[in-house]
Each structure stands twice: as structure tokens, then as C-alpha cells.
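Next up: some structures, all given as C-alpha cells.
In the two assemblies presented below, chain A is common to both, partnered first by chain B and then by chain C.
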Partner chain A sequence: MTDTRDSALLSINGLKVHYPTDEGVVKALDGVSLDILPGQTLGVVGESGCGKSTIGRAILQILDKPGRVVDGEMMWNARESGGQTLDIAIQNPDGHEMRAMRGGDVAMVFQEPMTSFSPIHTIGNQMSEAILLHQDKTPAEAREWSIELMNMVGIPNAPQRFHEYSYQLSGGLRQRAMIAMAISCSPKLLIADEPTTALDVTTQAQILDLLRKLQEEQKMAIMLITHNLGVIAEMADAVVVMYLGKAVESGPVDDIFHRPKHPYSQGLLRSIPSVQAVGHEKLPSIAGSIPHPFNRPSGCTFGPRCPSFMPGACDASVPRYMTLDGTRQKVSCFLHHPPEEVEEVPSDD
Partner chain B sequence: MTDSIPAMDGTILEVRRLTKHFPIRRGLLKRTVGMVKAVDDVSFDIRSGETLGLVGESGCGKTTTSRCVLRAIEPTSGEIVFRTSDGQEVNVATMPNRELRPLRREMQMIFQDPFSSLNSRMSLLDIVGEPLLVHGMNNRRERQERVAELLRLVGLRPEYMQRYPHAFSGGERQRIGIARALALHPRLVVADEPVSALDVSVQAQVINLLMDLQNEFELTYLFVAHDLSVVKQISDRVAVMYVGKIVELANTEDLFSNPKHPYTEALLAAVPVPDPRARRDDRKLLQGEVANPANPPSGCYFHPRCPYVQDVCRTETPTLTEVAPSHFASCHRVKEIELTGISPAGAA
Partner chain C sequence: MIAFLIRRTMLAGLTTFAISILAFLAIQLPPGDFASSYVENLLGGSFFNTAGVLGEAAVEQQLREDLGLDRPLVVQYAKWAIRVVRLDFGVSIEHGLKITEVVGQRLLNTILLAVGTILFTWVLAIPIGIYSAVKHNTPADYGVTFVGFLGLAIPDFLLGLALLWIGFAYFDISIGGLYSTEYINAPWSFDKFIDLLKHLWVPAIVLGTAGTAGLIRILRNNLLDELAKPYVVAARARGVPEWKLILKYPVRMALNPFISTLGYLLPFLLSGSVIVSVVLSLPTLGPTLLKALLGEDLYLASSIVLMLGVLTVIGTLLSDILLALFDPRIKLEG
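Entry: the complex of A and B
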């Protein structure tokens, strides 16, 4: 897919992030590739332990210790703004480039707005700090811009809130303040890691609406990391489905929801209850549970839970992650591109 | 207000005008400076064998209500009438603790967090066997057999009996919690957010298990959750709570397709639907935030956020009344306004 790679704002290829621990190496990311296009929303969906949050942290080089990038590239395309293409994967986390990028071109919104703010500094203080760090503004200008941003994200009484502490704000307002801080330097990419998971459903709808509005105004790309397929369906242009540190399928949002190719995506979509469902039929569920990180199955890691498991193929080698002919979907599954020595097996859908 | 919901035949639990106020204490002398009305005049029935879903946003009082039903916390006032297996009607709210204990066999609870609700220093045999021991099954062999049976029932291997909770995943731990709740053959099970801590693929397994067990043992569930799609999946009837009050109560299909309270409508509109073709750009978004239960607004608690608000809503508190057969709502304007529900998916 060289065509999208060229136009991509960020192109990640074969990214591996490992956490060496006393008991062994946790392969949080085990060769992930994805492209984020300018101005688009990429949904990254998966269950706990799939590595979706690790991607966001790897892009900003803020991995928790002892995690580190061991392989792969993350090409940041700065040509549009007159810069050069930068491989984030080989940058020094404390170097000038990364510090300029964090909170500048790339900003992040975290799940827990309570713990993401400092409890001993006012909201305004923290917002101004980010602005002063990245922009050539005086403290008074930074204050003014902070209050304008707070108005933009719908925080009532912004001049007063500017002097309040994070604990004085409700969950929804705190997340708005977090978003205001993230967009303060007009990022090209906003990484939102479970931005609404801790919020109630009506507040969630408000925050998603806000993100959509800001994206339209600021023309920024959003990488939306979540386990909630409903949120993905409402927000994303393209989707990456992850399982155990790998992307197993990706494509335009409509294709992923209506023509999923990987048995895991299919199972995941079937197993979610929907408010649109009729009656009380039993939910089809995926058998088993997510394996322990030290106990990864060989071959395709979804194999032991897969209804289409093919002995001799799926447990023998790892399927390649490649584009399906005639589609815009990428999938890693032997149902769709069998290994050479195995004959084609028709898919069961 | 309470007279509007007549008790039905086959009712296992009647909750009448239940309230729970928590005092707000301040200062050196811990003087009470106010009251949080966590549960504020709540009435509902649960019929034998059904699942009543209790849904609402954080702080609406759904968990407090469910805990009061089991007398895990003391209600401030109101009645909780439970019909025991021998046909007696007892008021759980005022019963002395001594008499409550035999009743606990019949009412059990499943908790939200499968990590903190299991003692990590106890083996499965001890965890699941503890209620058996407390209720007089002193023979260890007998207890082991019953625990093995229970583990099999919830889809765990009996060989795991000697293991400790840390060896199990979230979904498996929730199964252990379910096995413990079922140990004494309860008739009413209160499940407080039993699947919200679980991954999507595991969530479906546990919901299915709960539904299977209900069929097999004729269990009655009070199912507390904030996730409307999960509630829809499992409930026969649904009660929607807002700031300590039930604002709507109806059969599941009616409530979702034909809501009668503006808050229910807003909740339904806010749920993300897992289908990109169902994006609703024109949907009505609720403004503002949930009211403070320590200082609720006047009149209808929902009026500051309600798009249909009129003068009467600001001054008078509406009562829960039957607006259609078995469909209760508390809204002054219920007869005048047309609300939109969720239309079922087409050929999904």
C-alpha cells in the first residue's frame, strides 16, 4: 500500500515494543503496521492486553519502563509543514525532536483525567505551561489563549475555572480541560486513549461530539484507541483491529463492520450486545479467554480460540498481514491467503 | 405514588417508598450539614423468575438501591417485602439481624469487580464453600462435592478447586463469584455491574451463563448496570433511575422502542451504536451534567437539562404513573410530547 504510505501523516511499519521482565519478555507490540492519514480518524480497537495503548505511548516515546522499541519504524511525515520525514522509532526520547513533538505536533488525551492532571497546580497553570513551552507567547497571552481554548471546548465560566484545581471539576469537565490542553498547540495528530471510558454515556456523547467538532475546525488526525466498538462505529474513518500485540485486520470503517474478514473481528462484532437487537437471543461468544502474555500460542495467536482453526497451518506458521485482492482491507489469516503448501480453504461466511 | 403500582401475582420482591439518605458531615464536631438523597422514594416489584434491569448514570442510586434490597446497607425508610420460599412475606428493611441470616440463603449478590471481590488468600474450595460452611454444611467431603458441582455449573473445571484466584482471568473470576452466589440455591440474585469489568469477548460468555442459570434454576435477577445494551440483552423489564428516583419503568422492548421519559430518550440517543451506517449526526445531545443529589433542583430533578421543560416542571415534582399498560413514567408532559426510541436494526 505504497500509495497510502506516501500520503500518510504517520506510517508505522513492523513496530515491536518489548518489556523485558524477570519472568520473561512481554511482547506488547509484536510487529504492528498502520497508517494514519491527515485529518482522518483511525480507530484502534482491541481487548485488554492487545497493545492498543502501547502504540499511542510508543508514538510519543513515553513507554513505561522497562518497555522499549526493539524493531520497526514510525515515519512522521513533516513535509507538508516544510520539515523532513522523521523516524520516531530511532529518536532519543529525551532529545530535542521528541520534546518538540510531544504536545506540539502530536498531543495525547488519556483515559483517566483525574490522574492525568497535577493535583497541586491549577488547570490554568498547567495549560499555560504547555503553551509557553511550545509557542512564542507571553504569560499573559498564554492565559488569554487558555481561556479561549476552555471556551472552545465548552467549559462554562472559563476565567473562573482557570484558577481551579482538577479535583474541583467533574469528570466530563476534566476531560474537556484535558482536550483543551491537548489542542492548545494545534497538533496534527491527537492520540485519544480511551477518552470516554471513565465517563457516563451522556457525557461520552458530548465528548465525542466535541472531538468531531474540533477535528473539523483544526483539520487534525485523531487516533482513537478504545475497546468500545460503538464508539469506533460513530467516530472512525478507518479501523485497525488488534489482538495480542498484532494488527489482525484493518480497513475502512464500513468494511470492518459489515464485511469483517478475520475470524476475531467477526467474533468480536457478533458478541457485542446492541441496543438495536430484537428479543433475547443468546449472544454468540468467542470461546476461551485472552492468553497470558508469557503463554502465547504458536503460529496465529488467535488459533486456540478460532472457530475456523486449521491444524497444521494456523499453529505452524504466522499468517502474513496483507491486503486482500479487490478490497481496501488488510488481514492476517490463512483463510484468506493460505501458506504455499496448504491448499486454499474456503471461508465459512 | 406507591398505590399506582399494584402488586402482581408471583411477585418475589416489593420495594415500597425506599429511601436512603447519607449524612454530609463537616467540621471538627462532624455535625451533619446536609443529606445526600441517594435513594429517594423508590418503589418497584420484581416478579418471580424475571430479570429487572436497573439502569442509570453514576451517582443515580442504582447500586445503593440494590444494596438496600439485600440490607447490605440500612435503608432510611421504606419497605422491602420479600416472599420467602415457604410463602411468607417478610419486611427485609426492618428485620432484626438474627432473623435476617436464614433469609440470606435466598438472596445473593454478584459483584462488579472480580479482582477485589475474591479473597486472594483463599482457594476456590474455600471461597465457594464458605457460604455452605456458614449455613451448616460441616462435612468437608460433602462440601467438596457441592463445590465441584458448582464449578462445573459455571463452566470451570472442578480440578481447579485447590487453586487461588490469581491463577484465573477476569472472566473466570466472575464465574467463581457466580458459583459462590449460587452455592445456597438462592431465589433472588442481585448482580451489580457483573460484566462491566470484563472484555467484550468474555462479557458475552458471562451474560449467556447468567441467562442459562436463570432458566435452569428459575432465578430472579435484579441486574444493575450502566450499559444499556447489556441491560437490553438480559432484562425482561427495565427501570431507569435519575438522581435517586425511578423516572421510567417498562417492559424492555417498550422502553427502548417507545420511551416515555425525556431522560430515557436522551440516554438512548447517547448510546453509541456499533454500526457506522447508523450514525446519527442530528441526534439531540443532553446538555449539562447530572444534578447533585445533595442539592437537587426544584420540581422535576431533570428539568434543568430537559429539552421539553415548562413552568410546571420547575415547581412540581412529578410522580411515577402508569402511562400505558405496565409502562410507568414520571413526567408532567408525558401525554403531550412524542419521544424517539431506538428503531431495531434492519437485516443486521
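Entry: the complex of A and C
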């Protein structure tokens, strides 16, 4: 565990993001830990509202108001490039370090290619903007580099597209332009927040291929946030499964898909329709629904929906998130490490 | 873009034509015609004695022939329209002067006041609106909102009276009017312009307060919508500094309604500012139009309506063109 932390590009530990509202505090992230290794793809999966998008925004410190990081650390390892290790969690969101990081070392691709470009500025204007902010280039050089990037991501007629507006491009082309903009400053980490959700299936496959190709060329790490397990299986090296603002299981993609340990991961995987499935058979689903944010169950938050719920254990304390002996998986479930092992339960709030 | 310009200009021409027909018809509305009311007025005024020399009927007949009042309505309209295009609007019964002389200076004053008011409104409303949206739901925002509602709620003529009284009681100056007495009939010069600026700010504040408060609300709400849009988050995610980001993206989007309402400013100022103009004794067109209507001086009234109509059409055309330049999406629809 310590060695992955040392070699990680970004190591997140016990990250908590809270949204204070009039009704109470929404704990969007409630102690998430994960490591992103250089050049690898980490898939982050979970249902809507589990906080997976919040992680991406927390890394860039662009949380929607009134959300803020209240606890935990995000260690950015800049040693490779000759810098110091930087704890993103304690940086001023408007400070120089964070602005240099946004779009520079860490870039982001969003779910909605339609609305992620300003409708009244040209694609080229917005691409050049990112380049001029982070690189020592003249506007003419930025334009040249933008057109080269657009060629690289497979946008035809790049010099002409440079002067067009986002509504003149198809959804797939827009997402390609978004990716071109994201890689314009050679980021070490690309956060892709549901990059293919708004696209049709053929375009999805093309965009995923493009991301993989660029990752090989640029040697960047990708944090792929999605609810689509198929996309994860195709793209990711490692997976983190999230539930209600916490990581419940993580490990190499093959281990998670073939030997899931947490009942929630097992349920997610069972709920994928299979080509070999017998017709007219009901697709298994996870019982119940996500608890209300102000009414979280005590103990293990998945308890009330869990088929292996153990009264007296699961509702009494929170299982620790730890590596299973003999595997490369981490899991937080009393099925795998009995409650006796957990003596000092960190209080849930 | 060229096709858009041509289409819009032609539409503006058609609208102007329609306005001119309405203005012409308004002249025909009262019983009798211009000749009879002119003669009646002359006798009533009795400062003009051509009528005594030529005889009432002869003068009336002469005028009728001159103006073509005995010909069909279409011919009358054509004759009138040709004169209007040559900027000959006829004579005002009430003032006994050519209408261009009555209106000219006042129209210029009205336009100057409109420009002054909109500058005051924008200079104040835009930064406050932006600040209020960016800091929304903070004490600063609540403070601005409160002052804004006050501005909306206070009748502008009351504000005018209050300013007049304060100026008179505490500073011993009279802040009514648009020019100092020595400049009223003086030809335009740099000194007269400076004198105008010294007077213009009072009515600009009085007339602009409600508009400023309204625009702050509109801008704040537009901006709040835009600030939550994904393209703003995307721009933030590529490291654009916060203030630059807000000014470049959402503020530009939120400004569209400002530009599109430019054209309506003139008629609004005219009809909304009559009381204020009377209170502050402003030499603008509002009170003139009111008096012309009360006195059935319909040549004057419809000339004013026609001029303002045409200016409004031009204003709307300009704001449409500005909007098309400002927002690339509009060309497709226009």
C-alpha cells in the first residue's frame, strides 16, 4: 500500500467534501481514498449521486458553491517534473498554483459537449485561450498548435473548424474538440467525467479509441468517471467502486470484474444485461434505493440494501477500507474483515 | 450577413410607411380640417389680420388649395408625405411656428437626455448586477437588492421634487432645466455643451433610477442562470482567472437583453417622462406632445409621433444589427 502511494501521481486520502445547505450538510464525499498511477487509467464507477463527479471537481478545486473540501488530503506528486509534492486539498482555489494546475497538469473533459463550449465564441478562440494561459506562445503559434491538435483528434477541415462555433459541429466532433483542448498543454492527468454518456454508441466507441490512442502517445493518466461498466471494462487498468461518497472496493480491473468482493460491486456486475442471457428472465437489480442524503443509515451505509446484511455488525460500526490479504483488492465490508478487527472505528462525521 | 441587413432594412422601411399612414390619419381625425381650425385659431388669437383683409372664407379656400385638402385622401397623403420627406411638417396652430422650429431643439434635447439616462443606467447597473450575481445570497447582494427595490418603488417625479428641494434648500441652486438661462438660445459651443452636462445629470438620475434598479435585477438573474452553465465550469477547468472568465463568457451572454431593448428607450422616455419633464422644467418633447394633444394641434402631435416612430424603428434596426454582430447564433434565425 505504501509503495503505491509513493509511486502514485495523485494520492487521495480520506477526502471529505461537504455542501452546507439550509436543510443540513450534504456529505458528497465522506472519506474517499484512491490512488492514480502515472500513465494508467483509473475507472471510477457508482450510481448517480455517489460523488464520483465531485472527486473530479475537487481535484481541480472547481466545486460548485457552497461545496468545499473539509477534510483529507490530495497529494499531487510533482517530483517527476522536478517539483515538490503538493497537497491540493489545502490550496487556495483562486491561487496561482491551482490555476496553473487547471488545464495545465490536470485537464478535464465533460459530459455535455453541447454546452461545454461557449455558444458565442469560436472553438478556436476557446482552444487558443487554454494554450495561451499555460504556454509561452504567441496567438499565431497557439492557432497553429490548436489546428494541429484538431488534426490529431481526427477533426476534418481543422483550419476551417477553428473559426466555427460549437453549434456548427456534431456531438462527436464537439467532444473531439473538447479532448483536443484538454490535451493541448500535455496534462499528466486527464479527468474524463462521463465523456461518452451524451453520445450515440458508435461515436462512444470512437471517442474511447481516441482517448486510448492519446494516452499511449502522451503517457498521461486518465481518471474515467462513468456509470457504464462496459466502458470501464474496455478502458480501465484499475477500478474504484463508489457508494454514497465512499470508495467501497478497488483493485485491478480483472479482479474487480471476475472476483468482486463487496456485495455492492457484485450487485452492480449482476445487473449488466448479458448477450447469453435467457430471454424473458428478469434482470437482477440492487434492492431498495439510495438513502436520502440527510438520513444516512448508521454503520455500513449499504447495509439496508445488502443481501448479506448482518444485524449487530453492519448497523453497529463502519467497516474499515483495507487491503484483503493475498489480493490486490481493497474492500470495506465485514464479510471480509470481521468487526472484531475494527477496534477504533473512526466516527462517521 | 448582407442578406440579413437588406431584409431588416426593408422591414424597417415598411414599418416606417405604416407609421406614416397612421400619423396622417390622426391628422384627419378631428371634425373640420386644418384650414378651418387654422383660421378659427387665427381669429381667436387675433394677432394676425390677414383674415380681416382677405376675408375668412378666402383664406380658408387658399389654404385648402395649397394643402390639397379638396382632393382625395390618397392624393392628400402623397402630398403630405412628399413634404414630410423634405422635412416640411407644416405649421403648428398652437405655436404659430413651423413645426421643425418647435420640435428641432426639443427633439435633440430628448435624444441627449435618453443617451445620458442610458449611460447612467448602464454604468451603474452593469457592475452592480455582476457583483450581485457573483456574490449572490451574501449580505452585499441583499443590500444591493434592497436598494434596488427602493429605486423601483420610488416614483421618479417624487425623486425629482426631492432633488429640486434639496438643491434649493441646502445648496441654493436651481437644478431644473437642461441649460443655464444664458445658453438657452445660444448657438452650440463647447461651453454650452459643458453647461448641458452640468444640468443633464439630475434628470438622468431621476429618470434612470427605476431603470437601473430593474436592469440590476435582470442582469443578476440572467447572470445567475449563465454562471451555472457547463461552459463556465469548463472555462474554469482550463485555468481561466475568475474575473476574466466571468466577463468573457457569462456577462457577454447576459448582456443580450440590454442591447435588444435599446430601440424602445426613446418612446419609453417620452411617454414615461412627461411628469418628470414638467417637474424639472425640461425642454423635451414629452410636455410638447401632451400640450399638442390637449390643444388638438394635430399637425404638431402627429409630426412628433411620426419622428419618434421613425427614430424607434431606426433604434430597433440598430439594436438588431448589434445583436447579430454580438451573438453569432442569430444570423441563422434572422
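Worth a mention:
Methods note: the second predicted complex is superposed on the first by the 334 of 349 C-alpha atoms of A that agree within 3 Å, B and C clash if a C-alpha of one lies under 4 Å from a C-alpha of the other, contacts with A are read in each partner's own complex, and residues count from 1 in each chain.
To be clear about the criterion, a contact is a pair of C-beta atoms (placed from the backbone, for glycine too) under 8 Å apart; a residue touches a chain by one contact, two chains touch by 3 or more.
All values derive from a computational prediction rather than experimental measurement.
Steric overlap between chain B and chain C is absent once the structures are superposed on chain A; the two fit side by side. When the two structures are aligned on the shared chain, A:172 is found in touch with chain B, with no touch to chain C. By the touch criterion defined above, A:99 lies against chain C but remains apart from chain B after alignment on the C-alpha atoms of chain A. When the shared chain is aligned, chain B comes close enough to touch A:253, but chain C does not. In the superposition on chain A, A:224 contacts neither chain B nor chain C. Counting the residues of chain A that each partner touches, chain B and chain C differ, and the larger count belongs to B. In the superposition on chain A, A:119 contacts chain C only, with no contact to chain B. Legend: residue contacts after superposition of the two complexes on their common chain; A:200 is shown touching chain B, with no touch to chain C. Once the two complexes are overlaid on the shared chain, A:62 sits against chain C while remaining clear of chain B. Contacts of A:108 after superposition on the shared chain: chain C is touched, whereas chain B is not.
Superposition on the common chain A brings chain B within a closest Cα-Cα distance of 7 Å of chain C.
Here chain B touches chain A in the complex through residues 57-58, 169-172, 199-205, 207-208, 211, 226-230, 232-234, 256, 266-279, 283, 285-286, 289-290, 342-345, 348, going by the rule given at the top.
Put simply, chain A touches chain B in their complex at residues 47-48, 170, 172-173, 200-206, 208-209, 227-234, 236, 253-254, 257-258, 267-269, 271-278, 280, 282-286, 289-290. Interface residues of chain C, counted against chain A in their complex, comprise 228-231, 233-242, 248-249, 252-253, 326-329. Across the complex, chain C is touched by residues 60, 62, 64, 94, 99-104, 107-108, 110-112, 115-121, 126, 129-130, 133-134, 165, 167, 178, 181-182 of chain A.
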